[in-house]
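Some notes on the structure that comes next.
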């Protein structure tokens, strides 16, 4: 298969994974496992930080230090209003790192209030981490790859809702 | 017609289109079709990413890689409060890419709660994508082109409301 | 009168005006007219974009292309919560362009929910555009010029409320 | 007393003051007066802009033009929700100028809804301007100076609440 | 133990501590004490500013002046809505300094409304400052160090909630 990562082809993908100790599901391991399944030769670097607000800085440092082709970052957000505010700031931060470094950074974010059932929450987290790990690999292979699903109502953490006919 | 794209004239427009797999309407195709109708010689590059928060980074990478004259980006925003927070972060991100790159980036954003009727939502999405594709071409032709409609209460996705007399 | 624009004196003011087709009052023309009244020799460049989120990028491009001494940008914001979120992002964007370019950018923003009476809304828009056009010229003449009204409770779009005695 | 401003000692402080015509109390004059009391030899530059969203750009221009050692900026925020959104954007802007220029910028912000009693509001504004003018001078003298009050529950505009024992 | 701080090993850690006079608990001293316990040879620089909005600029200046390997910053946020808005802006600011400088900056933030019981609030503040001081040292030793606790539901200020089984 011809590979276009970002734009220029790369012999062997180098992918960064950053997760948190705040999360209640080990989504980082799910992402690592999924990346290895799709890209067995990929080099994976994994760092862990306390919480989401520590991710943007770590993402920048990891890209600077290791020259990753792309990153998947996995955050967990509490139920409170201030947690949601932290989420806004975090989202701005992650987007800035993507803009400044020119590297795709896919963020997997689980909000604790997505479900009151811990088991359901775990399922959401695992499904989302897995699907977004695939998304990152697809984008690194070819930024046009996902166009076949454009507007198809894909969801991560939940079943796809599909397009509006 | 004399053409001023951004500021300096360009022989053949190169326009980028970025949409998402999260969207439930294939707005990217609508935009591509409309651009071709107005500017048959335009070169169009289309990428697709999972969701809105992936758009700003992709926009920066696309401009860096392909030197597009302008971009139209098409996002879909869920109903929840956190979706709206993602929208704020996304909006800041897109504006920053426009500021950093010096290229016009028109964003077409549909909010899932604009209508409870899926058909209506689809109509909104298509109309908005089409009208903003035209806006992008107009701006690339001449940044003064839209002044004839300044303050005229134009809407995309809905009928124009018109100026207050 | 001795003129200090920004900081260094400029022979002839070059002022940029950016407004939108979304607005329901042609505030751009009001601003142009007012600038001409105060500064008959000023060179005025006017661009129009679809909505507020398109203004920051256009402001940056206009300053880069034309080297304006300052800008007045005129936006119109809808009634919905998401319109207000767009307003936050827009405000951050405009401030960044001011910080990055070192040029004064006065923003005239009218919120559709400032009045339920269209005529009143129109009056607000015109008064605000006019007064802020003056403010821009004053600031370009001398950044110390407005100090005589510091803390005086001046309002644009409404009558001044005055200082607290 | 040995003086460390920011980090390196400066013979004579150059302090910038930026306030607004929107404010209903002349806090800029209060700040100027207080700085002169503490630092009689300080050179003070004062600019006035229409409202808070004009402050970050003016702060950047003032530092670039005059090379101030530090700034005190004084803003007044209305009661409405959109005023609070402007406040967020303003706060981000001011912080960015501080980050980009490497100069301490202390912001004195009064919210119109802090009190329904105009006299009380005036007292808050004056007290806050005065105390923060002192804070700026202290920080410019020595960034370690305030450590003796770390965690002491100091307030500006109100009486100190003190530490929790 | 082999030490990797950020990425490259450092002979002796240089850690910055920034706290506020607004806080009602001396969290800076707690952080200093904890760092010394874990890293007796660490060089610690401590600055104090009035409130959270003064921290990002101070963090940037401290890193520029002293070349710290990492920072712990300790903020206290009031109960009001505008305090929460200041918190968003602050969070964006801190993340930007981390992105721009490439240095880990751990923020310890206590919200006054986390408890109505001052004693409980004090306990939260001390526990959070202590645990995050450890987190900073761990990250500076090795950015992979915390991976053993990834997804384990660790909390600072409260007991750990643990992972979802």
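Points worth noting:
The chains carry the letters A, B, C, D and E, assigned in the order they are written, with residues numbered from 1 in each.
The definition used in the following text is that a contact is a pair of C-beta atoms (placed from the backbone, for glycine too) under 8 Å apart; a residue touches a chain by one contact, two chains touch by 3 or more.
None of the values given here were measured: they were computed from a predicted structure.
Common neighbours of chain B and chain C: there are none. As for how the two copies chain D and chain E face one another, under half of their interface residue numbers coincide.
Here the C-alpha atoms of chain A line up with those of chain E after a rotation of 70°, rounded in steps of 5. A separation of 40 Å divides the Cα centre of chain B from that of chain E.
Distance from the chain C centre to the chain D centre is 25 Å, each centre being the mean of its Cα atoms.
The residues of chain C that reach two or more other chains are 88, 92, 96, listed in rising order. Contact residues on chain A toward chain E in their complex (touch as defined above): 19-29, 46-50, 53-54, 56-58, 60-62, 64-66, 81-82, 85-86, 88-90, 92-93, 96-97, 100, 118-119, 121-122.
Within the complex, the chain E residues that touch chain A are 6-7, 77, 84, 87-88, 91-92, 94-96, 98-99, 102-107, 111, 132, 135, 139, 143-147, 149-156, 161-164.
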